[in-house]
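First the structure, in the form of structure tokens, and then the observations on it.
The first chain written gets the first letter, and so on, giving A, B, C, D and E; residue counts start at 1 in each chain.
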Amino acid sequence: MPTTDMLHQPYASTMGPLIIVTVTAFVVMILEFLFRRGDRRWLAGISLVGVALALAAALWNFHHDPAIALNTVVVDAYGSVFSVLILISALLVLLFTLDYSGGTKVASEHTYLILFAVVGALAMATAVDLVTLYVGLELLSVASYVLVALRRHSARSLEGGAKYLLMGAVGSAVLLYGMSFVYGISGTTNLIELGSNGFTMYNNYPAITVLAFLLMLAGMGFKLSLVPFHMWTPDAYDGAPAPISAFLATLSKAASFGMLLRMLLFAFNAAATQLFWWAGVLAAVTMVVGNLIALPQRNMKRLLAFSSVAQAGYILVPFALIQTSHFNDWPGLFDSVSFYLYAYTFMTVGAFAIVYVVSRARRSIDSDALIGLYQRSPWLAAALTVFVLGLAGMPLTGGFIGKFYIFTDTIHLHRAWLGVLLFVTSVASFYYYLGWVRKIFQREPVGDIQPIRASGTMNVLVGLCVLGTVVLGVVPAVLLHPLQGSGWLY
Amino acid sequence: MVEYAWLVPLLPLVAYVFLLVLGRRAPEGIVAGVSVVLTFIAFLVSALVFRSVGQNPDLTGPYVFHWLTVGSKSLTVGFEVTHLNALMLVVVSLVSTLVLLFSKGYMHGDDRFPVFYQYLNLFVFSMLALVISPNLLQLYIFWEMVGLCSYLLVGFWYFKPEAALAAKKSFIVTRIGDVGLFVGIILLFLASGSFDYSTIFTAAAAGKLSLGWISGSGLVTLAAILIFVGAVGKSAQFPLHVWLPDAMEGPTPVSALIHAATMVAAGVYLVARCYPLFQLSPAALSTVAWIGGITALLAALIALTQRDIKRVIAYSTISQLGYMMMALGVGAYAYGVFHLMTHAFFKALLFLAAGSVIHAVDTQDLFEMGGLYRKMKLTAWTFLAGALALAGIVPFAGFWSKDDILAAALESGHTVLYAFGLIAAFCTAFYIFRVYFLTFTGEPRDPERYEHAHEGSWVMTLPLVVLAVLATIGGFFNTPWSGYGLERYLFADSPQGSIGVTTPENVGLMALSVVVGLLGIGLAALMYGRRRRIEPEKLARGASFLYQLSYRKFYLDEIYYFVVVATGKAIAAVVDFVDRYIIDGIVRLVGWVVGLVGTGLRYTQTGQVQAYTAVAAFGVLILVAWAMWSIGGVL
Amino acid sequence: MSGTFPIPTGSLLALGAILFCIGLYGALTKRNLIIVLVSIELMLNAANINLVTFSRLGVAPNISGQVFALFTITVAAAEIAVGLALLLAIFRVRRTTEVQDLDVHKH
Amino acid sequence: MQFFLNAPMIGFYIISLCILGCAVMLLSFQRVIYMALAIGGVFIGCAAIYILLGADFVGAAQLLIYAGAITILIMFAIMLTNHEAADPPHKWTPRNILSAVGAVLLGAVLLLVIRSTTWPPAVDADVNGGNSNPVAVGLALFQNYTVPFELVSLLLIVGMVGAVILARERKEDEDE
Amino acid sequence: MGIVFWIVLAPVIAAALLAVVPGIKPNAQRTLGLLGSAVSLVLALIAWGRFQYGTSGFQEISRVHWFTLPAVWQQSDLSIGLSFGLDGLSLPLVLLAAFISLLAGLAAPAREGRTRLFHLWLALATAGVLGVFTAMDLFTFLLALELSLFSAFFLILQFGEAGSRKAAFKFLLYRGLASVLFLAALVGLAYGAAGGFGTTQPDTQGVIQGAGTLTFDISALMDTLHKASEAYFIPHVRSVLFLVLLLGVLIEEAFVPFHTWLPTTHEHSDPATNMLIGGVLTKTGAYALLRFGVGFLPGEVRHWGVLIAVLGVINILYGAFAAWAQKDWRRLIAFGSISHMGLVLLGVAALNPAGLQGAMFMMVSSGLLTALLFFLTGAIQARTRTTLIPALGGLSKPMPMLSGFLLVAALGSLGLPLTSGFISEIQAFIGGFGTYPGISFVGVIGIILSAVYLLYAMERTTFGPAKQVYTGLADATPREYVPTVVLTALVLIIGVYPGVIGNLFGLSVQALLRIGG
């Protein structure tokens, strides 16, 4: 085990975003403690600035050669792609909270808790060490548990938090148990070392390798709400404050996918063709169940929860393709995963935001609250239409390109049935997504119509999300081009 | 002149377009005038064509233009004049002119007088175009067009439910036959690569018609029979004759023109036109003969008892068309065409006369007429001429043509068909004089109607007179005294000389058929004449079954209704049921099941976190156990 | 000092596995939220036993396993702290600590 | 795998028995407070195993954090909530049976996997690199695991703050 | 950016303007929407004028590179773009689509507060179908298909009558599924053509090697698949791909037994939507069958010819019988069009010039006639408030012109000569009899049945005694004359001189077949 020169490490180019967000988190926390009274929305402003800086740093990292710090944190293009995604969703979620905390009273600590969670997420995206990944995951998770339960006087919120915590803890126990086996048969927790002795590992301990892989996959499955580990999802999303639901659906999921990809591929690259079939099974089950269960759902947040389950299934599809691909092909798979995640993030945050605005204005979370939205607020109606059409995979949104990309992957790599299943279940999802659209454009009798107005922040947020969704659909090259250069060196 | 034959159909088309432009409010005089004049010019042109064809047989080649390319084959349209269709042109345009003139009087005062003339002109155009078509495709096109006109004209009084029904029936029943023609010409096209008569006949004669799945001779027979099926529909031959009597719901001039003189004869014309093909297939020919014979007899038997004046004449038409078919079937090509021509004259005459009567008394029921001779002498006399021609009494036109046919049937060895023909001839004489006596003689049965009856204006009587003259002398075109002019004329189409058989004079047979005709007239006179010797009612009661059989048209309409229509409706109902409840039911079931599964899955979200964890734990268990089992060596 | 270690790897791992399953069973069946949390801790402990075992007896014995176990312990502590705080909050609102009573969310 | 008796082996069996016994007790007690005590036994037993395996520092940490802090925390939690809480007597309800089947089957699969694997020879290796165990752990922490170490500190802060946020009574947001 | 690009883009621009320009009056909104289709139509007519009759390939090619999918496979990137072009197969359908969408826009009544949305969706749907017919690569095709799917969904949903909700979702789910099957089959074929399903054995790690460059370009794929489809496909893979494509066609085109969405949709949609769906949208499946089925896999078409032909005949008869039993004009028209499109299957199965040409004619003809029928029944419905056949009757009296045109449309539908229906029918049957005489023999019964159900409906609609309630209803207004006369004229023009469009696709059809060997 090499000793490490702590002083001469490429901190800036690797841990820049991480450090910036951490510092911001502490600053916000301390300021929060110091100024206990009054409106503290400006704290969110500070955190926004911090995240924006981190985002700039992460983008700047793109232009750097891949580097590794402390044997642990690596920033290659791949890490940057995920860091940027995480920071973008953090930005959106923070914008969301700005409006939310203005409208609803929640414990004001959410700002720095979110920032800490972002730190965990960034660690998950950039670490190449099982311990770091695990700790990052837990940091994200623990912060999330608290965030979900943040409306401390609401049983819904608390119970959502408790359920998330219980299942999350079981999940991390399963994950950890799997990790322990990986460590046992390789003798290292470092992904790069793991990658280099993967062959020996698999050849000597095939059963243990498979076992460890599945346990880790399942453990991550809890976080990613893959079927059958998804059942906490609707309850937690339902109970959590709206921005936190969006946070769980996007940021948390993106980070977990980043971690899953890196962890599983590094640890099991040699055995990839034997192992990733199981990801395909999970993806298939997730797509089918996630979409079916969403069909009769009327509660908008729960529906979005199930939708996010189904979408996780779509994103998992490329993982299954690892089974049939060459190592050289993998970057393409990551590209499709990350592209879809980007598109998904914009669409989902936007949808949550509008659902929040509408449900607050109409004092109902039932999807019937959407009826007549087009008359109440054409802008929100149009935006929500864009989001759900995107989630359904309509052309000219990022969702379509993303699905198409994943689909071409499945054909490339001889898992066409998964691709077809993806689209078939998407067709089933038309039913509930467009069921919303139907309600949005359904006409209400005149006289009952009170316009819905969203706050400025919310409009900015929704605008950004629409922009993201549409830009990714119309000029996908914006993202595809940088992705093309991405790959990983470590 | 032949190269101007296209003018013949074009002139009525011009009239049609002109009327279309004039619209529905045009004055009757202009409408009728333009139509009659243009059609009359068409008649003159066709007469000139007829003459020049007769003088110079070499000028008849087809004039065609490219129409559409199918694969490597070029389809053409154009016109062609043969001896046969030159004759047809004359007949059609002549009868058309007369009927158009007659209609001026008959339709006077109708709301849609211009529309009626539009339709008629369209019909005349289509019929003439059908006749001069140089290929089967074009023939089929106009074949359907005349069908359409028939549909429109039968349903002209659309507000009468019977007319609507009859129009529909006429179209659908003829369409059944048309499908046969359709398939037939497609097969011929596939086998020969062309729709042109000449190409097809040449190939057929050379034995070069071939398709992979059928022998050459089999194909000829099949195609001929399919073409004949088309003719059966259009010419109202058994078993597709049921539409024609119903078509009498249309205005009477329509019946005269379309359902007696021209369109229904198109089937006969078609068989005649395709005669080279039929000649190659004895089976097809005997099919034609037998269908014709059966139709002639059957329709004559039905006509015996009908009460509606137009229906009697309609069945008569069917019967006479049967004669023509029989003639063609037994090989007497020239006689078939000859009868077609004479029939056109006397049957148009009969219909127009009947129309004149109907116009006068406003009823079609024979038993509401009577004694009209006193009011309508001209009509009665002309009707008598037509009736005598139909009954086959020397020297009226029908005698010559019908007698030739009967003689040819006997000559060719079809004794049974000859017998059929003879019986039918007896019936013919009987029923047409039954009509005559019931209508014109005796006492008026409905005095009120009788009071209003009067002869029509000259536009109505002139055509009657012209046709009566033709019905009287029309037979002389093909008698020993004219040197069998028509035969010679027609045979010029064929390089081999005569087409089919001709028979020598047989005075015995002639006498026999005249006697039979006279017997029929006599019986009619005994039953319906001034001094009744036989009570028809008693007879009807005495032979109740036979009477009912005839009066109910052998129950064919009912049989068809139950066998075809009801079955079809039942299938439709079943299909609809299957569609709504089984196919769509399955679809809804799938949707329902999916929804149910979704709802079921939704109810797995019990809110119990330990249940959630249990599901997850089983998920892990299944994954791990499955994997361990599949890699082997562990479980 | 390379001798043979007296305890077979399999036995230690088996102990971990059994503990893991007992923890799982507890997490699935115990009614009190605290005990459920505790059962989950058992599962984490099982993983820790594995880690420490492998740290000594794995393919390449090294200290990492122990360090990992330390991290796990810390993480578990944080997790249970939050869990217990959550429990208190729930108790305050719902006056219960039974898992079955967490049923606000359904379907 | 050879079966032989020696001091560490006997110790291992005793400790294992303790751990599993306590764990089973945890499952079968009805009073919540007893369960909490049983868990303490498990934690201590684990610490013994760690020490047996030469991981002295981890064992100590286990004792301090788990057996000490966490058990106490649990006690507090029980006291603060319904300290009379008790499970009803154990019954084989369908849920319990199903859970037991699941757990047993999973255990069986895991054990079979472990048994079917040929583990590397149990070499009595030195993992401490010549240092004492705590020093070795410290070196590893600060050389290779600096980042997780820092992260875990954040985690602890989050845990602490989170616990405080959730647990404390606060007036300002009661009017929600 | 060639002319074809603008043909597709014009409605999109119109839609975008409709979406963003605020505060314009409904009439202006309508004009804006119409302008989009009108520009498309004019451009399509110009393209027609410039059409090079001597060539069979795509003309007027416009390509726009859009983005590049970093390829997973063989390190070759997949360039995704929009490329449009016209050939003899697509130009008639483009003209049809532009025409009918313009007329549908004209036919649509002004709607209280919803004119904007209606024309927006109409324009987008138009752009979608135009894109489908002009697409020169698979991605463009699929994209356009989806666009038309969603836009039409909204048209049905928001502007239909009671029950339109279920109908819209049925439409969406069915056609969505069809799109998926197209996607699977077409992308699969493209990969196959690039050697993706090569006969090369999997290597040691189970990874299958391939060779060649991936392209979505339709003409390139036609070449490749024609030359070497044996080399690139294990036969059963090719069969599976073809069957998936066929299934997609069957669903997309509403063929029995996957048709139930069509009657439901028509029954609950407004006339203008029905014109668009019945006239244009239901031709995309058949177009795909020609373009991809025959164009890419003629061997498979031949192999499965009996199946396709039998399906065709089943559709002809089933549609006709079902139409006979219908009480609602709109359902009747729907089943009638199913029956018509059955003939397309028969023509395609025949795989000879006459059959394919008949299929093309039938698509155009059925489009025109269905649109005309829907327009007329819509106009009648606007007056009588019903399309139920038993409730109508004697309409010739109050509205002779509408009745007259309805009759023309019905006669065209039943394949009367000198209408486009006949040209289609006879060529399809010539094709059918050329290859499958026995099956075609059964199919011709459909000719009788079409007369039966149409005349049956006519008898109860326009004939008969005039009903009291309908006296005094107005006949066609000048605005209604435009679509009626234009559509009728087109039906007749094609019927009288079929070469007017037949010349367009003659060569393309032969090109399809020559490739078929």
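The definition used in the following text is that a contact is a pair of C-beta atoms (placed from the backbone, for glycine too) under 8 Å apart; a residue touches a chain by one contact, two chains touch by 3 or more.
It should be emphasised that the depicted structure is a prediction, and the values quoted were computed from it without experimental measurement.
Considering every other chain in turn, the ones in contact with both chain D and chain E prove to be A, B. Note on connectivity: the fewest steps through touching chains from chain C to chain E is 2. Put simply, the chain farthest from chain A by mean CA position is B. Of all chains, the one whose CA centroid is most distant from that of chain C is B.
With centres taken as mean C-alpha coordinates, the chain found closest to the middle of all protein C-alpha atoms is E.
For this structure, the chains sharing the highest number of C-beta contacts are C-D. The centroid of the Cα atoms in chain C and the matching centroid in chain D are 5 Å apart. Inter-chain centre distance (chain A to chain C, centres taken as mean C-alpha positions): 26 Å.
Note: centroid distance chain A to chain E, computed from Cα atoms, is 41 Å. If you average the CA atoms of chain B and of chain E, the two centres end up 38 Å from each other. In chain D, the residues that reach two or more other chains under the touch definition are 95, 99, 102-103, 106, 110, 113, 116-117, 140, 144-145, 148, 152, 155, 158-159, 162, 165-166. Within chain C, the positions touching two or more other chains are listed as 20, 23-24, 27-29, 36-37, 48, 53, 55, 58-59, 61-65, 67, 71, 75, 78-79, 82, 86-87, 89, 99, 102-105.
Multi-chain contact residues of chain E, defined as those touching 2 or more other chains: none present.
Contacts between chains, counted with the stated touch criterion, involve the pairs A-B, A-C, A-D, A-E, B-C, B-D, B-E, C-D.
Put simply, chain A touches chain E in their complex at residues 273, 321, 323-326, 328-329, 331-333, 335-336, 382, 389, 394-396, 400-401, 404-405, 407-409, 411-414, 416, 419-420, 423-424, 426-428, 430-431, 434-435, 437-438, 441, 475-477, 480-481, 483-484. Residue ranges of chain A in contact with chain B, taken from their complex: 162-163, 166-167, 170-171, 174, 206-207, 210-211, 214-215, 217-218, 221-222, 227-229, 231-232, 234-235, 274, 278, 281-282, 289, 292-297, 428. Within the complex formed with chain A, the residues of chain B that make contact are 594-595, 597-599, 601-602, 604-605, 607, 609, 611-613, 615-620, 623-624, 627-628, 631, 633-634.
Within the complex formed with chain A, the residues of chain D that make contact are 110, 113, 116-117, 140, 142-148, 151-152, 154-155, 157-159, 161-162, 165-166, 170, 172-176. Contact residues of chain B toward chain E in the complex are 24, 66-72, 137, 140-145, 148, 151, 155, 158-159, 161, 163-165, 167-168, 171-172, 175-176, 178-179, 182-183, 186-187, 189-190, 211, 213, 568-569, 571-573, 575-576, 579, 583-584, 587.
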